[in-house]
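The structure appears right after this line, and notes come after that.
Lettered A, B, C, D, E and F in written order, each chain numbered from 1.
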Amino acid sequence: MAPKHLSAFLLAVCVVLLALAVPLLAGDPDMLQDFCVADYKSLEGPLRLNGFPCKRPENVTANDFFSDVLASPGNTGNPVGSAVTAANVEKVPGLNTLGVSMSRVDYAPSGVNPPHTHPRAIEMLFVLEGSLDVGFVTTDGYLYARTVCKGELFVFPRGLVHFQKNNGGAPAVAISAFNSQLPGTQSIAMSLFGASPPVPTDVLARALQIDGGVVEAIKTKFPLKF
Amino acid sequence: MAPKHLSAFLLAVCVVLLALAVPLLAGDPDMLQDFCVADYKSLEGPLRLNGFPCKRPENVTANDFFSDVLASPGNTGNPVGSAVTAANVEKVPGLNTLGVSMSRVDYAPSGVNPPHTHPRAIEMLFVLEGSLDVGFVTTDGYLYARTVCKGELFVFPRGLVHFQKNNGGAPAVAISAFNSQLPGTQSIAMSLFGASPPVPTDVLARALQIDGGVVEAIKTKFPLKF
Amino acid sequence: MAPKHLSAFLLAVCVVLLALAVPLLAGDPDMLQDFCVADYKSLEGPLRLNGFPCKRPENVTANDFFSDVLASPGNTGNPVGSAVTAANVEKVPGLNTLGVSMSRVDYAPSGVNPPHTHPRAIEMLFVLEGSLDVGFVTTDGYLYARTVCKGELFVFPRGLVHFQKNNGGAPAVAISAFNSQLPGTQSIAMSLFGASPPVPTDVLARALQIDGGVVEAIKTKFPLKF
Amino acid sequence: MAPKHLSAFLLAVCVVLLALAVPLLAGDPDMLQDFCVADYKSLEGPLRLNGFPCKRPENVTANDFFSDVLASPGNTGNPVGSAVTAANVEKVPGLNTLGVSMSRVDYAPSGVNPPHTHPRAIEMLFVLEGSLDVGFVTTDGYLYARTVCKGELFVFPRGLVHFQKNNGGAPAVAISAFNSQLPGTQSIAMSLFGASPPVPTDVLARALQIDGGVVEAIKTKFPLKF
Amino acid sequence: MAPKHLSAFLLAVCVVLLALAVPLLAGDPDMLQDFCVADYKSLEGPLRLNGFPCKRPENVTANDFFSDVLASPGNTGNPVGSAVTAANVEKVPGLNTLGVSMSRVDYAPSGVNPPHTHPRAIEMLFVLEGSLDVGFVTTDGYLYARTVCKGELFVFPRGLVHFQKNNGGAPAVAISAFNSQLPGTQSIAMSLFGASPPVPTDVLARALQIDGGVVEAIKTKFPLKF
Amino acid sequence: MAPKHLSAFLLAVCVVLLALAVPLLAGDPDMLQDFCVADYKSLEGPLRLNGFPCKRPENVTANDFFSDVLASPGNTGNPVGSAVTAANVEKVPGLNTLGVSMSRVDYAPSGVNPPHTHPRAIEMLFVLEGSLDVGFVTTDGYLYARTVCKGELFVFPRGLVHFQKNNGGAPAVAISAFNSQLPGTQSIAMSLFGASPPVPTDVLARALQIDGGVVEAIKTKFPLKF
């Protein structure tokens, strides 16, 4: 029997055995709906949902709504000089079904959080340290951009290409809010030049109106992940 | 003619005059839907919407998506020792229709952000400075509570009663994310004891199972606002 | 047989039985989407969802959409003199995914349905018998209140604190509609004074601006549930 | 003055005139979002929205959330022997944006609330008096039907054809809850045979697989409304 | 072992067995949220959801987002002279959770797609070949109808009764877009006269204001499916 | 007459005319909610909404739900060799509030619909003529791609970068469905290299890990629109 069938059968076994053995419903289904804390253990079984199934309420603790994942700076020693640390439903199980999450972005001096989109969320960015040049581009091609300093904030509408750049000589830090438990981040450069399998070179050459050789050269900077 | 009819008539005038005078649609309706920046000037006219009408796209600037309202601490010199500063759609016009907002909470030493609910949002609180005792109560009466320190975060599910207390001897600061452009805040104590007109004393006495005199005494601490 | 072997054995049994017995998909997935009747038996297994999984359509009957749970008055012999009986997704499985539910409220003479919120629903209350004083408090602290008599109705907006009081000398009855399959009810007094573990006394004292001793005295009226 | 400046100019005029004439906007846009009471006066002007614009908060009273429209029985002296009285956003302005409404249905003895759909809502029906035969048909053609007596309830899923019949010799009454501020009701017979202009006879004849003459005969029972 | 521990135990067994047998969770729960491809194999097990559970991301291929189901004409050799072929979530697993689907409708000369509703979707119809008379009826009984030719399109609002008729002498074809992964189709004639068990004859007779014998005669044209 | 007096005069005229002409509400607010046909004339006035206000129902005709905008091929004589023609709420007023739209894409031989996103919609593409190489890239960098021929379809999940290329020697045509009345299209190349004002060259150079001179060279291919 293939491993991937195991837990489905065990679930069926549970149903049968429990139908025989359990006199009545325990638990507190009321609570289920105040929250639905993600049951990460479900990832060990075959069932995948849009989001996560819930932990049984008797197993939920205050720690499910807590995280220290944003307490430490990310490592900005990379080609773009920035690092995003997410506190989303994959890290904070209590966020499941709640439609909100946060991220921390660290920037080396002159570091760039390169152009990207969040397919499923609006972002509101609050600067903790330093000063950033930020901007987003509308579907009509307008760029809305300005400098945002410590204590100030900026909003990036749903799904639009946006970026930030540390315009100072010291590290900068921002904290972002999203109206999704898992906003998703699609780096434009990675999507075009680092996809696996690759986006055909002729498609990119025609889109960017450049020579295929230039496309190939850029692709070498984005090693395939898979 | 009553003032409140003025702008409705001017709107009608506009329609008639422009129907005669303007050869065709200008503007860029495309842009409208990448965002709908709140037109605060509409508050001067009679029209009220669920949210706000939008500024014309040609009048939108990057500043509509920007705010420095959270840069300065609130005044915690009040009976509860805390102050909430909101960066919602009433302060950041670009948030209109985008479903996200932020707040800053300042706490004096031992200050309390007293039990309250947000009728329209989930809250995710990130501690900037200090250390807080936080908690929320489910509809079943469970309290989920713990201490949250600098750099850590905690989630409060939709609509549930929650609170924070600065458990240290120095001021504390937190920044919160909400999945609503205007979450609303309903302070429990203010709603019960400071509503205007007042909630009947016998209703409160019976609800709290205390003497009417005690209710009256508490009410004196919450002077009517209107 | 050791437990580990038991489930392995059951696994093998299941493999064989299911391989023999389930020739193909059967069922009618079309129907699933006209409704998704809650499968209460799922509560006996480990899986918890936001809401409920569905019964197989071939097991659904008209009775899944029916209930007599609101036919009898609730017992109003309690300190507040009222009783709420809910016909929500926990009682009427056909309501699952449908976003609507009802409640019946019975009031003894002078009985009070004490201040509470529904974190996930708007309420529309229709008076079947008697006459009620009703009200809700906005996030700004306005109280909207009036008397509602037999045959009349009143609306309580989402998430706001509200209450009803029987202002007559005979029992009263109301029927309420909610736009949620499980609106949740958070009694303010219970949440503040009867939570388990308790909300800290100093938080409540500061919030209500009363002495800690008074808080402790009120807490004794609300025995812990857990 | 160029036409495209004209409306900006008129808007500016509005602003100035209103700034002079209206002592203070005052008001509290905060409140707008606890509710958005329908401004029926807007129907006198040219603006039509999906739903209604809101009354200014300072003009809202408790009566906006109240109605006695369901207190009196409807007139069942008609061919089908039933009458539906709606308490929706067109009658109860406070319901605007709140997503809930109610109806009262009166049935003469043997009266029928004929097959119909609600394009925008789920219905939950509670029997106040008498006994009804009720049913709905799924998209697969199953009829789920049963008798529902005084104090009992039944649920009709979104958009599906359903009906009720008074199976007793005395008048019956029911109260229904909907998860829409304006559910809409599409009577099947009226839509097919009483539409204006008429649905072509050959379409109906082919759909029902009957003779065109029979279709014409039925149409005579449903006089055009417009 | 107490029954209530049994399922926890079996769950633990699952965890252990799978931890041993499955080398690594691998997968990327991130991906889950870019899409949730329907896992049709789940139909072999007991679990039913509103929609479908997702395939594990490592099993998803481009073919899950592809279909040729609309490439061939449907068989219009039936009493109404039309055939609808759906490309919904039951045929295209990648549509799960994405809220869109398509259909192809073929019409024999003079063929009719008889009056029907989609309880869960708006329809936008594009004519590929031929010329159609189309229309929908509002809840007020207005018919909005006109002829739509090759290359033209027409919109049918949510839940309203609508129909199409091939007004030409050659076959016609249309392609429709829906904003639901499974819009559902409720044929009016089938729902009234072909439901199983049958809608009571007296209900239909009273609704249509025709003789019961005529109702019975129509019913014979719609043989029961179940 | 000074402008300020003009509008005052017009005001007075309006008062009189409207007082005489509009005896009462009239109209049919019921209808408003079966649909809300976009009132394009509102674009001549100052009011902008998220979407459009509605035409008065008495002015709505079947033509509001109709369009022939997709009947003719777009002009593919451009650098990428493709043309998108949209039938969205800006062209089909009846689509307002209905959440669906369509597009037609024409491709010259070897023409490319270059990488782009739709910030607000899922796309389902149906090939009318020819054969396309299509693909989308997930947030994790996987490319899901394949060839789709006449009569076949493919789904692009929400917000993800995707493209199509005509892989044949003859023109190709596709028709797409979207679950938004105005999906928005963000061309990646245009957003990065043709935005106005321009995205800073150093941001792009760092994001793509190429020399600033190459960025500048690409920018020259995308002349500023504004």
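The definition used in the following text is that a contact is a pair of C-beta atoms (placed from the backbone, for glycine too) under 8 Å apart; a residue touches a chain by one contact, two chains touch by 3 or more.
Please read all numbers here as calculations on a predicted model, not as lab measurements.
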item	value
Interchain contact steps from chain D to chain E (minimum; 1 if touching)	1
Matching chain pair for A-B (criterion: over half of the contact pairs shared, by residue number), options D-E, A-F or E-F	E-F
Chain at maximum distance from chain C, centres defined as averaged CA atoms	F
Between B-D and D-F, the pair with more C-beta contacts	B-D
Separation of mean Cα positions, chain E and chain A [Å, integer]	33
Averaged-CA centre spacing for the pair chain E and chain B, given as whole angstrom	42
Numbers and ranges of chain F residues touching at least 2 other chains	7, 18, 30, 34, 44-47, 49, 51, 119-120, 135, 138-140, 142, 145, 157-158, 160, 184
Touch relationships between chains, expressed as pairs	A-B, A-C, A-E, A-F, B-C, B-D, B-F, C-D, C-E, D-E, D-F, E-F
Of chain A, residues touching chain E in the complex	3-4, 6-8, 10-15, 17-18, 21-23, 26, 41, 43-51, 90, 119-120, 182, 184
Residues of chain A that touch chain B when the two form their complex	28, 30-31, 34-35, 60-63, 65-68, 70-72, 87, 92, 94-95, 98-102, 121-124, 126, 128, 135-136, 138-140, 142, 144-146, 148-158, 160, 175, 177-179
Contacting residues of chain C [partner chain E, same complex]	3-4, 7-8, 18, 22, 25, 27, 29-30, 32-34, 36, 39, 42, 44-47, 49, 51, 53-57, 96-97
Residue ranges of chain A in contact with chain F within the complex	79-81, 112, 114-115, 117-120, 133, 135, 137-143, 145, 157-161, 163, 165, 184-186, 188-200, 202-204, 206-210, 214, 217-218, 221-222, 225-226
